[in-house]
Structures are given as structure tokens and as C-alpha cells.
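Take this structure, written in C-alpha cells, and hold onto it; I'll ask about it next.
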Amino acid sequence: MSMEEAFALAEAEAKLKAALNECQARFDKAKMPDRRNEDWRFGRPHVYAKQLVDTITARDNHNYFERMVICDKGNAATRLTRDDDDLLQTEMLMQTIGSDALLKRHIERFEDGYSLYIEEDTTEVIELVYETRSFCSPSTFIMVAPGVKAEVHIIYSCLEIGNIFAACNIQVAAGAELKVRVQAESDGSDGRCMIITNIQNMGGKVMHLTEYRGLRWAREETVAELYSPGSETKLFSANRLVGDSVLDQHTRQIHHVGGASSDLLYKNVVDDNATAIFAGNIYVAPGAHNTDAYQSNRNMLLSEKATVHSLPGLEILADKVRCSHGSASAPMDDEQLFYLCSRGISRRDAQLLVADGFLADVLNKFHGESQSS
Amino acid sequence: MDESPFQIDTRGEFVFPENHRFDAGYGLTEATIDYICDAKGEPDWVRAFRKDALRRFHEMPMPTHWAPEGINDLDFDKIRYYLAHGTAPYKSWEDVPDDVKRTFERLGVPEQERAFLAGVDAQYDSETAYNNMREELSKQGVIFVNSTEGLREYEHIFRPWFGKVIPVNDNKFSALNHAAFSGGSFIYVPKGVKLSQPLQAYFRINSESMGQFERTLIIADEGAELMYMEGCTAPKYDSATLHSGVVELVALKGAKIQYVTVQNWATNVYNLVIQRGLAMEDAEIRWIDCNIGSGLTMKYPAVVLQGRRARGEVISISLAHSGQLQDTGARMIHAAPETTSNIVAKSISIGEGRASYRGEVNVLKGMKGCKNNTECDALLINATSRTDTYPAISVNGNASAVQHEASVSQVDEEMLFYMQQRGLTRAQAMSLAVNGFINDLVKEFPMEYSVELRRLIDLEMEDSIG
Amino acid sequence: MSLVIKNLYARVKDGATILNGVSLEIPKGEVHAIMGPNGSGKSTLSKVLCGHPDYEVISGTAELDGQDLFAMSVDERSRAGLFLAFQYPVEVPGVSNANFMRAALQARLPKGEELDAVSFYKTMRSTMAQLGMDTKFTARAVNEGFSGGEKKRNDVLQMMMLEPTYAILDETDSGLDVDALRIVSDGVNAMRAPFRSFMIITHYKRLLDYIRPDVVHVLYKGKIVRTAGYELVEQIEENGFDFLKTEA
């Protein structure tokens, strides 16, 4: 090892140590979700999140996977073990949006998950399934090497009354292209799921789609960081909420440097008694000039008792920035419904068609227009 | 690019020596309240009311969800809560004490009164120094007095609405105002009376560490219409001053109230104002708000749309220079069906200035046919300028439509070049471009004010050419 | 008294060199046409002379009546008498044409002197009438939502109002129909005077039939390759720019 290399290594170690200390300090201060915390204001932590929060905080609890499957033809995946120090440290440095205390518990009882180090282009989708009937708390790490193209599909399946608390860290190198589709679903009446995702983009292209189906309560905290010029991160979500389900989505698009672009499109169709919460923020750091950042939250309300809370945010500290956000919440267009009904389609079916059309735009953007037909 | 094209207006930057007959000293205690009540000769129920508010003020925490961090630098013990020459306003400028009169003359108030106003209320520190209204309006039953006189002479109209739009426990600052209020206007416009000319209030802080807690209640009875305008200035002192007013508007069935503010406090004034209006059936309330001065402004004019088909609107312009945080916005609470609201907010951040938009739009459960449209545009002049947008939108039910759009932009270099090619300096070109950016909103201000406004922001090109 | 350009080299900021030693003299009272195929540097020349921030001068000089043009800021150049009618006039939202022109004229007055609003509006309206512009354009924001032809006409209006001593018309004819072209040309011709000169950049003979140039230059690959009288226009009209290739 040359002098410079040794020096660099020592410096890197010192930096990591400092970061871990800071992280420890952060965790020491972390409080359990509470309505007084801005990030949980509409999430009703005491009513809806309580069960999941209780489970993850219970000391005698252990992770229990019903099924953990990985379909990986390229052999990129490795099962995580307690000895993976680097990954644990990576996880400690993850950012949450109001849930440091929960992440801390998750790390303390770290049990299982996968790391994917993708070094070659994969033609087939790498599929990852986490399934539980009780509670599981998996960690997933995805790292894509420079110039590599890959697609990953993660399924979190809460069977019956299963609960999942998941952490996912994604790092994309320069020139790499990654598509991640995250599906959280439940076949029971009381599935709850919370996913904390960090996407670190070092100059590649990332597309990230989340879909929540049939869950009683779901919370998403997605932090997308852009670290080098030319990075391009797109966040998508498309959901149909029924019954009295609650979907609580929090996102951050953080531009550390200029010349990168981020885009977000989250759409929800909200029916019955359901509630959709979206709180997003775009942060453009001082000096991150020539940033492109957009954020759009669109909601379609289908019933009298449906509720939407939308809190899009911008914090711009740089110059020459093209930035905008929009939020729209409205009922279904009567003219469209009328047109469909006049062709003999029942009102309910027409509603479904229009609602699907509303969400299709997101899915098309993720999958590429070619698949839209 | 670093050179600001704007000059801070310095017309309010002068001071006369303090000459107070009443001074309640620093800090706010029960004794301070007794002092204020005694000085004003207030009835017992007001004294009890103030003391109850004081207790709540001490109990309540500083706001967290809805506040910038700078608010915590405010030290309530270093504020003087009541300073006055005398407690009764004069009806003629002849009678107003000389230094006070000279102050308002320098600010051009008597001149404007003669030119286009229906009435004026001029507040100097804690009390109204001058209050007068055109005679024909009194004959029509219009009431325009200060809050002390309103409570004393018109208790039967004032009291039922007092603290009803903005309750004492709304937040810490509303409790503070309920405890220490002094000055401000009480206006009642009877059924069907439409004022063709605006009423104006002018707020002047002329003492160091002053806390000004004006209290305004405007009631427009069924079908009545009025426009009210307020202007604010203070010289810059070494220690911070606080302006924490409460403004309640009540627009009864079919009434229309327009409330115009041009705020140009010195940059070490904390400007923490609560403004809320209640719009009943078919009524309309418009807040037209321009914030240029103060170090920290927190101001989110609100309309509670309480009656069917009520309309609410907020037009907001803010300008943040280095050392200023303009935390402004709007709130619209749709509490009745078929209510509509509109918010247009434009901000300009210059140098290291920071402008934030904070807004709430809430369509309550069971409300049908409500509509809101919100537009926020921010202009960043320098690389170090900052802007934030924090809207919170809640919609219940499938029969209302709410839309919010926000954008951030810079002045187009190509546009500046074009104008410079025509011979304007860069500063003038910038000034014109900024003028263009807010032009559509400036038009919403009454003629006399829009002229004043352009002058204040120094966008009037004749002024900036030299 | 003249506009003198000597051996001017200029490039796109941090990019390709476009002007490769342009030398040119336009004495007062003359009309010069600059022709040349696409990409020869005609628009660049006009922008460099006016000080567009996208371009930088590598070497060479330009003098306006003996004043160093490149030592002046964009607006100083304008006030010194240089005017550019843009190839693509820019939209300025929210700023009315009238206010814009008032500001530009006021900028030319000595300190403390006020522009007379009454005579200003009178002049503006009569000039607009001369150009066949509807007076409603006074209140409309500069070029916002204007058609291509309206924008061009608006630029010529500005020229007539500001009365420059050196006016550059950068492809002012493009986007104008025959009637508009005649109106605009009449405006320019009316402005021709012994104390004023024009540099007319165009591809087409059409405009030069209306505004007869005294001298015609051909710019090619960033250099003036030929200078002659009006007969050069006819030659180009007949044979195009092919002769350049054989010469170069």
C-alpha cells in the first residue's frame, strides 16, 4: 500500500467513525413516533401505526420469515449475516423521515435480508420476496457497478395479519441504470408495512416505483440523494386505496450537487374510508446550481369519506434551478364517466376504468410506453 | 449580480425622542395588565379576560409545526408592553401632539386622508393618536373607532364577536395579544352600506423595545362592503421590537371585505400577526398582503368559509433582502359547501434573503362543491438567495377540487441582455423584470397603494434611473 | 465618424471560435448589407458587437465613433447609439411595451431630467401608426404572445423610438409578409440620414430591394470574403454562394 493509499484509508476510516458517532448521537435523541413530530402529523401513529411500532419495539420479538426467496440468475445476491459489518454501518447511516427510533430498533435486532451486488448487466429481473404471517424486518442492499444495467423487483408480502418493517439501501454508480419495483401487499385484513428506502445516485439513472395493495396501514419513507452531476432519479408510486386503509408516504429529493435531475410522480385513487397522505420535499443545497427537480402528487377521490392530505415542499438554496411542484386532488371527471356509461358500461365499471387510466400514466412512465398497450 | 437593484426604503427611518405619559415597563405580568387596564379605565370583564389570557400565554408552548426557527430568539422579557402619550385619540390633526403629528405628516398620512380616504386611524406605539372619519359615514351608522373605545361604547356589537374568530387559545401569540392588546380599529358597517372609499390605519412604532399589540375587529353586516388598508413603519433600533397584532374580520351574509396591508417595518421588528376572517353565506373576504420590511415576518391571512358559496382570496407579495425572513402564506378553511378560495403568492429573495410560503387548505368532511386554486411563484435574484414552499392540503370527500402549483425561477439572462441592449443598466433591467414578475398582483392593490408599493420596492423605473 | 471593426476574433464562451478576423468599416450615413450562408457568423457578429454574454472576444477591436465598444457594458453601447433588432426578439412577461420604452428613453436623459409623458405617448402612437401597429400593443407585455411578425415590427418600433446612430437589423425580414416588409422598410428608409448608418443582415435580396445598401459584404467562415456594391446582391441572387467554395 502506498503512502497515499494508506492516508486515504485512514481518512476514510476517520470519516466513517465520525459519521457513526454522529449517527449514535442521532439515535440517542430519537423519539418514538408521535403526533407532535411533524413527519407523523397526519400519520396517526397512535391509532394506525401502533401495532407495527409495538412489534418492532418489543424486546422479546424475533424476525420471522414465512418465505424468503430470491430469483437471481446472475448470482448477484448474498444472504446477509450478522457479520456484515460494512452493511450494518451503511444501514446506520441511512436517513429516515421521522423514524430514527424505529430504524434504531431495526438495526439492533438485525437478522436477515439480502445484499445484491450487481456487476454485470442482467437481462432478467432479479426478484426478491419477503413473506411473513407474523412479523419480519428485512434489510436489503442493492449496489450497481459503473455502467451496469439491472432491474430488481422486491415483494413484501404480509399474509393474514403479517407485519413488515423493511429497510432498503440502494447505491447506483456512474453510468449505471437501475429499475426497482417495490410491491407491498397483503391478503389479510390487517397487514401493515413500513419501508424506509435510501437511494444514493452517484451519476447513474434510477427509476423507483412503489405499489401498495390491500394493506391496512402502510408507510413509506423514501430519501433520494443525488451526488454527482448527470445523476437522474425518478420516483413513482401508483396506488388504489379501499376500505379504511391508510397510506402515509414521505419523500425527499436531495440535490447535493448541481447538474442532476430528479422527478417524482405519486398518484393515488382513494375510495371508501381510505386516507392518503403525501409529504414530499425537494432540497437543493447551496451551490447546487443548474438543478432540475420536479414533484407532482395527484389524487382522485372516489367517495364521500375518502381523505387526502398533501404536503409538497420545496427548499431551494441554489441558483439557476428549474424546480416546481404541484398537487391536485379532485373527484373523477363526470364527463368521462358519462361518456363511458353512455356506451353501456356500468357506473362502477366505468369508475374502475377511469381510475385505472389515472394510474396507468405512472406505470407507463416506469415500464416504458411500449408496455402500455 | 451581487449588487442589489433595490434600495431599502428609508422614509420611515427617523425617530423623535420618547415622550410617554404611560409606560408599563419591561416584561408582561399581572401588574403590567393592571397598569394597562387602569390607564385605559377598562371594565372588570376585560381585566379578567386579559388575566386569563396571560395565564394561557405563559402555559402555551412556542409554535413548532408552523414556525421558522428564528422565532425562538424572541425574548418576551425584553419587550415593553404599553407606552402611550394619552389614551384618547384626537379627532383633529390640530390637537395631536406636535411630535406625533410631525411623524404622521412625514409619512404622508394627513395628505392621503384628504386625497382619497374615508377615514384614518393613526396608532403611535400603544395608542391611537388620531381617529377620524368622514361625517356622512357616521350618519349612515358606520362605526370607526379604536378598540378601547369600541369595547367601551359599542360593547353590545363588539363583545359577541371579540375573540370569536381568533380564540384566545388559538396559539401562544393570540393569547399574548388577548392579554396585552391596545389600539387597532373597531369597525362596523351596517346592512347594505357600501363604502366607496377605503378606511386606513397607520401603525407606527417610535420607541425602543416596543411591543405593539393592536387589535382589530371589522364587522360588515349583511350586504355591506368596505376596504380597509393598513401601513406600518418603525425606525431601526438596537434592540428588537415586536409587532403582534390580531385582526378579526366578520363578513355577514353577502358582505364584502377587502383588507390591504403594506408592511414596511424596520429589519429588527418581529412581525407576528394573526389575521383571520369569517365569511358567511355569499360573503367575500380578500386579503391583499405585501411584506417588504421586518426581520422576521410570520403571517398567514386566513379565511374560514363558514357559509354556503362564501369566497376567500389571498394575494400575497413578499420581498426578502439579506437578513430578512418573510414567512408568509395563507390559510383557507372550507367549512361550508360550494365555497371557493384562491391564493396567489409571489416572493422575491435577494442577496441572502429567505422567503417561505406556508399554506393550509382544508376541505372539511361532508363539504361538497368546494374549490381551491393555489399558485406560488418564487423568484431568486442571487446565488445565495433562498426560497421554501410548505403547503399542507387536506381534502375530504369526492365532491371538491383542490389544486396547488408552485415554481421557482430566476430572472432570464436573455431578457436582461435584451433590456440592457436598449440602454438600461443591469440594475434597471433587473428592476423591470422583477416588476414584471409581480405586476399582475400589484394591480390588485388600490391605485394609490400600488403607486406607493412600486415606490417602496423601488421598482418605479423613474426612481431607479440616475 | 464611423463603426470600425478590426481583425475581430470571437468565440462562444468556452466553445468554438466563430469570428475569424472580421474587418469592416461603416461610415455614418451609409447602409451596409451583410450576407452569407447559414452558420457563417452573421448573428454572432451582431451579438458580439452588442456584448451578448454568451460570446467572448478573443482579439481585435471595434470602435463606435472612436469609442472602444468592447470597453462598454451592453447598455452603455446602446446609449452610445448602437441598436440591434434581434433575430428572435425576447418576451418580457408583465412589462408593458409603453413602460419599457419609457424606461429606455428615460435612461438616455441627463440625470434629474424627466421624460415628458404626454409627448412620449404621442410619439409612440404616431410611430406605431406608421408601422401599422394597433395601439393596444402599448399596454401589452413586451413581445409576450406576439406572432413572429409582430415581434419583428415591435423591434423596429423600438428602433424608431430610440433613434440610434448605428442600427443592426438581424434578419428582420424573416417572418414578415410582403406588406409588413414594405412597412418596416419604409420605416427604415425614413430613418436614413447623414448621421445614421445601418448594418443589415439578411439572406434575401427582397429586403435589399426595399432598403438599397451602399455596400454589400459577404461573410463566410467568420471572415469578410468580399465587399462590393449592390451588383453583388444580384450576383448572389442568381448564383447563390457557390462562388465562395471555388474561391475558398
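Going by the order they are written in, the chains are A, B and C; count residues from 1 in each one.
One rule holds for everything that comes next: contacts are C-beta pairs under 8 Å (C-beta built on N, C-alpha and C of every residue); 3 or more make two chains touch, one makes a residue touch a chain.
Since we're looking at a predicted model, the values are computed, not measured.
Ranked by how far their CA centres sit from the centre of subunit C, the chains are topped by A.
For the pairs B-C and A-B, the count of C-beta pairs in contact is higher at A-B. Centrality by C-alpha centroid: the chain sitting nearest the overall protein C-alpha mean is B. Separating the centre of subunit A from that of subunit C, both taken as means of CA atoms, is a distance of 55 Å. Taking each chain's centre as the average of its CA atoms, subunit B and subunit C sit 49 Å apart.
Note: centroid distance subunit A to subunit B, computed from Cα atoms, is 42 Å.
Within subunit B, contacts with two or more other chains are made by no residue at all.
Across the complex, subunit B is touched by residues 36, 38, 41-42, 286-287, 289, 299, 301-332 of subunit A. Against subunit C, the residues of subunit B that register as touching in their complex are 412-415, 417-426, 428-429, 432-433, 435-440, 461-462, 465-466. Subunit C makes touch with subunit B in their complex at residues 50-53, 73-75, 77-79, 83-84, 86, 89-95, 99-100, 102-104, 106-108, 111, 114-115, 141, 158, 162. Residues of subunit B that touch subunit A in their complex: 64-65, 365-366, 378, 380, 382-410.
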